[in-house]
Amino acid sequence: MKIIFNAHAVEINKSTDGYLAEVGERRYRIEVLSVDKTSGRMDLKISAVGAPALEALVQSAYVSADGAKRWVTINGQTSLLTKTSGAKQRSRQENAGGLTAPMPGQVRGVAVSVGEAVKKGQTLLTLEAMKMEIRIQAAYDGKVKSIHVAPGQTVEREQNLIELEV
Amino acid sequence: MFTKILIANRGEIAIRIMRACKELGVRTVAVYSDADQNALHVEFADEAVHLGASAPKASYLNVDKLIQAALQTKADAIHPGYGFLSENAAFAAAVESANLKFIGPSADSIRAMGDKAESKILMKKAGVPTVPGFEGLEAEAEFKKAAQEIGYPVLIKASAGGGGKGMRVVNQASELKEALDSASYEALNAFGDQRLLIEKYIAEAHHIEIQVFGDEHGNLIHLFERECSVQRRHQKIIEETPSVLLTPELRAQIGAAAVTAAKTVNYYNAGTIEFIFDAHTAQYYFLEMNTRLQVEHPVTELVAGIDLVQWQIKIAAGEKFPFAQADFRQRGHAIECRVYAEDSANGFLPSTGKLLQYIEPRGLGVRVDSGFAKGKEVTHFYDPLLAKLIVSAENRAAAIQKMQNALKEFIVHGVTTNLDFMQTVIAHADFRDGKATTNWVENVLLAKESEPALEHILAAALAELTLVNASAVRSESKNETDPYSPWKTPNGFRN
Amino acid sequence: MFTKILIANRGEIAIRIMRACKELGVRTVAVYSDADQNALHVEFADEAVHLGASAPKASYLNVDKLIQAALQTKADAIHPGYGFLSENAAFAAAVESANLKFIGPSADSIRAMGDKAESKILMKKAGVPTVPGFEGLEAEAEFKKAAQEIGYPVLIKASAGGGGKGMRVVNQASELKEALDSASYEALNAFGDQRLLIEKYIAEAHHIEIQVFGDEHGNLIHLFERECSVQRRHQKIIEETPSVLLTPELRAQIGAAAVTAAKTVNYYNAGTIEFIFDAHTAQYYFLEMNTRLQVEHPVTELVAGIDLVQWQIKIAAGEKFPFAQADFRQRGHAIECRVYAEDSANGFLPSTGKLLQYIEPRGLGVRVDSGFAKGKEVTHFYDPLLAKLIVSAENRAAAIQKMQNALKEFIVHGVTTNLDFMQTVIAHADFRDGKATTNWVENVLLAKESEPALEHILAAALAELTLVNASAVRSESKNETDPYSPWKTPNGFRN
Amino acid sequence: MKIIFNAHAVEINKSTDGYLAEVGERRYRIEVLSVDKTSGRMDLKISAVGAPALEALVQSAYVSADGAKRWVTINGQTSLLTKTSGAKQRSRQENAGGLTAPMPGQVRGVAVSVGEAVKKGQTLLTLEAMKMEIRIQAAYDGKVKSIHVAPGQTVEREQNLIELEV
């Protein structure tokens, strides 16, 4: 079974004594000691195939699912992975210029209107969340092409706020 | 003693106060906004009153509604917690006018300490060390002269300020005018008051504060220091006591200065005198007074052996504080980490969502003051504080080790937290050596977004087979009673 | 320091010890029986070794398998916890023979204190007060003469005994013969040793014990008393420190007696000297020594400010105990309630089952040392201890109030517990006044089965509509993702 | 809807502003403030119909279900109720004489055999659980009619162990 998280493809299948996983050119044997659906906890022993047998310690992984999101905690380190179809993900870099919401929150004010010319660094709108105010500023000189939000509106992280055109 | 107290707050501090009430046999009234309808503090109270919409102005900051709620539920006192209206003199006065007891200092004490410039003048008069500088200046020329006298770098601060707003570091004379203009503009916008003060900028500053506690009969003592230098965005994230920087002599000196400061404004109930501490010169300077219970009060409770919130209530009910300074001594070491719903690798910006998993650490010396539980929603309306993780141990090294383990045991899914980041902080040599100054996190330790570790990816992949898509198991168990869950229907239903 | 420790125990104490290991950077090995395959202590360890069948003899009492497990996992020490093999001198010796460190006293110390009669003789020689009586008698006539000398009522006790077996109170001479016959028969059956001793019976006895702690370099001090008079079936259910019965002078005296007792057998590591205390005469008598960590060690930890288990490990690793008697003083008051899976209204008989609900109390001064969690199974094979609820506060009245609240906050469904019963105990005037003697529960406080309260019946009825049979809700939500649970399939699946 | 717990019959139905319950001749109004299926927690206000309106405090009830068993905790007091069909329950008194198991546990030994005459107070078998030993003794002189358990066997509370006949 092929599963892709963020940009990492994993081929994972049940084997006689546990599971066998392939990531890139590396293969791993996973022994599952216990699975507890109440807590989403799995006790695992992971070892690299071909590598000399190490004293494999049990690792306890807590996994939670929410839609395509997977939260994983092992030994106090937490990762947020997103299960994808495998298509190249939109990179966060492409949205540089602050046109998407850097945090969830509420739109405090919109300082520009559609068609308005803006200067690099000009504040386009302000977001507020948890007592923090963040100004969304133009990354370059340009013109406001469209505005997707209104004051008072609640936005998610990475939601499109405004589109500029040069 | 009171029969019923309304807690004009939310989250962990509301629950903390309610526990103290329950232990004193006092009934509790929670208040809540739309967003907090299902919040933990509402569940925890004996009764709850809806205040209004989610925005603080419509709910937790609404003086009239709060007093109305107290009167309607026949509460005889209001505890403000911290934040919100806790340092609002007008609120304290309004509470007393409604024949309710405000659990905190007098409105006059709050007012006297509420203005940075005025309180600094008061402290100078009382002989409490303050940062060299000037208040009440207006013209640019006056500021320029003052800056020269103090010597650059200097700090420009909003007189009415807080939270870093209207604050500018000025390194040379040529930067002064712009700094004054932008700071006064920001101060006016934020506080409706453009007055500024100027003082010496202490670059390698530690934040050390002294807990004071007094009754309404004139008894007032201090309960030692807290070091709160580890901050981000001018907000504390780790606090501890004792501070490694203080000798017993210095502790006694700064403690006495704090008592003097508090007595100057006839202070009673719990309060904190904040000092800037210069580790190079071992000089300390009055910064401001917080005229309320602090977020970080638990470390003092553990090391001094006192329940500050219970005493706040008892003092407000008229009891005498029966202890003298010599009755207290510090035992062991305590550290608090503030568990925030925020993304440390993304500029510490807030994170919101429903808590899919929430498992607190446990064991000897581990205390969690929490405002959340699994299934609860973290919204963008309020402070990102999920919980405070507090540990105490025989000494600082043991406390650090205990904190490290407790941070690892704390599992939160559904929002991004600073649990991972705090492990890095706690393990850092600078922190271990007591070298973390107030700008250390932002200068030294900015977290970077990291690639997920291999075992995380493998665990997630495995979960697809064992937890999510185990269809054989699913169909097999479909008609069985789930042995772990009390009810057969899906969760999340609210009547 | 050790690199890896095998914990030869289960339940809360195994987890307590593992936490101490983790904080010292030592890896942990759990052991488990068939019944404990999914137990919490197995999840908590770094690795786990299966010992054998569920019966203790085949698992937790199997010396060979335990040592084999330690060798196989390359552990360098074994912590025995309490119960099971913790006071078995042969086990301690076998561990050391296998070149592993036994975390506890020497086998010789265990042996010397293991026999009631012999240890009593030792203590008499050392000048430690013992209950007036005689050891080493055989003929009935000898016992008769001894009883006359002591004065009735007298107590007949099995020399090798414990747990009330082979113990008889004799009120008059005519009852003596039958008591001797039945006690020696019972002792022979229980311990393979029919020797008896005779001593004065103290009717209104309190159980007061002193924690001692020493290193392998000759340092040994005491860490004050614990009062453990609240018992049922000769087993403690509530312990506290300080005891309301001791004056500072008496505390110093009895503490010194305990140190003498321990030094007599060259004791090191953690140990406890148990005394019978007669509240009428303020006399104390050596009862026995427990040559191990006690169940009730947490109350000492909280009041004395020490992590006993961490120090056990450090001492066993060869460290010196760096404290002198004067370094410790008691601060505040701590109480422990043992939360048992038992039916207080049904003769305190055990209750077993799967934990359908398990919510622990929290807050300042509330500590829960637990061996269980929701979904875990309580079996009939082992001790009924689910968890220890320990509170600490500024004084005894505050601790009692805190315990009362914490007991109410503790929710366990699936097995019957003594949580309700302990609320009655804690609230009783005799307990508040420090009048509870060791037979108080059985004489005064036997719980009766009560009818369920009306609101319980109404809540259960309502649950049928809102939780169980809310069919509209059920069908409506059938295909929704359950927002509270991480996975869509039913719980309880184990791979 | 009629529900019977132990010997208590409750008629409970949804009303306009909550629920209405009848127990014996008394009627109660129940306002449900919240229901949380994760924890089995309900916040309720219960008031007697007809009684003067009291300052109704919120009561938090935790309820767990296991087959016909209902565990209920309110304000630190826990009850175990059994949902029944309404037929008269077998009273525990009828089993006096110690012929059913007073606790769950394991049969340590059976001291008698079928057909054997026994005296009142004679130990018939021993049960062990959690380090406790309990002797099951004859409640009257009689004869062993049947033995339902064997040494080593695990028994539930109130499981039949032995039948005697006079």
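Letters A, B, C and D mark the chains as written, and numbering starts fresh at 1 in each.
In the analysis below, contacts are C-beta pairs under 8 Å (C-beta built on N, C-alpha and C of every residue); 3 or more make two chains touch, one makes a residue touch a chain.
Bear in mind that the values here come from a model prediction, so they are computed numbers and not experimental data.
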- Between C-D and A-C, which chain pair is linked by more C-beta pairs in contact? C-D
- Round to the nearest whole Å and give the separation of the Cα centres of subunit B and subunit C. 39
- Task: Give, as an integer number of Å, the spacing between the C-alpha centres of subunit D and subunit C.
- Result: 29
- Whole-Å separation of chain centres (CA-atom averages), subunit A against subunit D: 51
- In whole angstrom, how far does the Cα centroid of subunit A sit from the Cα centroid of subunit C? 49
- Quick one: which residues in subunit B touch 2 or more of the other chains? 354, 356-357, 374-375, 413, 466-468, 484-487, 489-493, 495
- Task: Find every residue in subunit D that makes contact with two or more other chains and list them.
- Result: 32, 35, 37-38, 40, 42, 63-66
- Check the chains against each other and report every pair that touches. A-B, A-C, B-C, B-D, C-D
- Message: So in the complex, the part of subunit C that touches subunit D is made up of which residues?
- Response: 233, 341-343, 346-347, 349-354, 356-357, 359, 380-384, 407-414, 416-417, 419-420, 423, 452-468, 484-485
- Query: Which part of subunit D faces subunit C closely enough to touch in the complex?
  - Reply: 1, 3, 5-6, 8, 10, 12, 14, 19, 21, 23, 28, 30, 32, 35, 37-40, 42, 44, 46, 59, 61-66, 70-81, 83, 102-106, 128-132, 134, 154, 157
- Where on subunit B does subunit D make contact in their complex? 27, 38, 43, 45-48, 74, 374-375, 481, 485-487, 489-495
- Query: Of all residues in subunit B, which touch subunit C in the complex?
  - Reply: 16, 19, 22-25, 298, 301, 305-307, 310, 331-332, 354, 356-357, 360, 362-365, 367-370, 374-375, 393-394, 398, 401-402, 405, 413, 466-468, 470, 473-474, 477-478, 480, 482-493, 495
- Complex contacts: residues of subunit A adjacent to subunit C: 32-38, 40-43, 55, 57-58, 60, 63-67
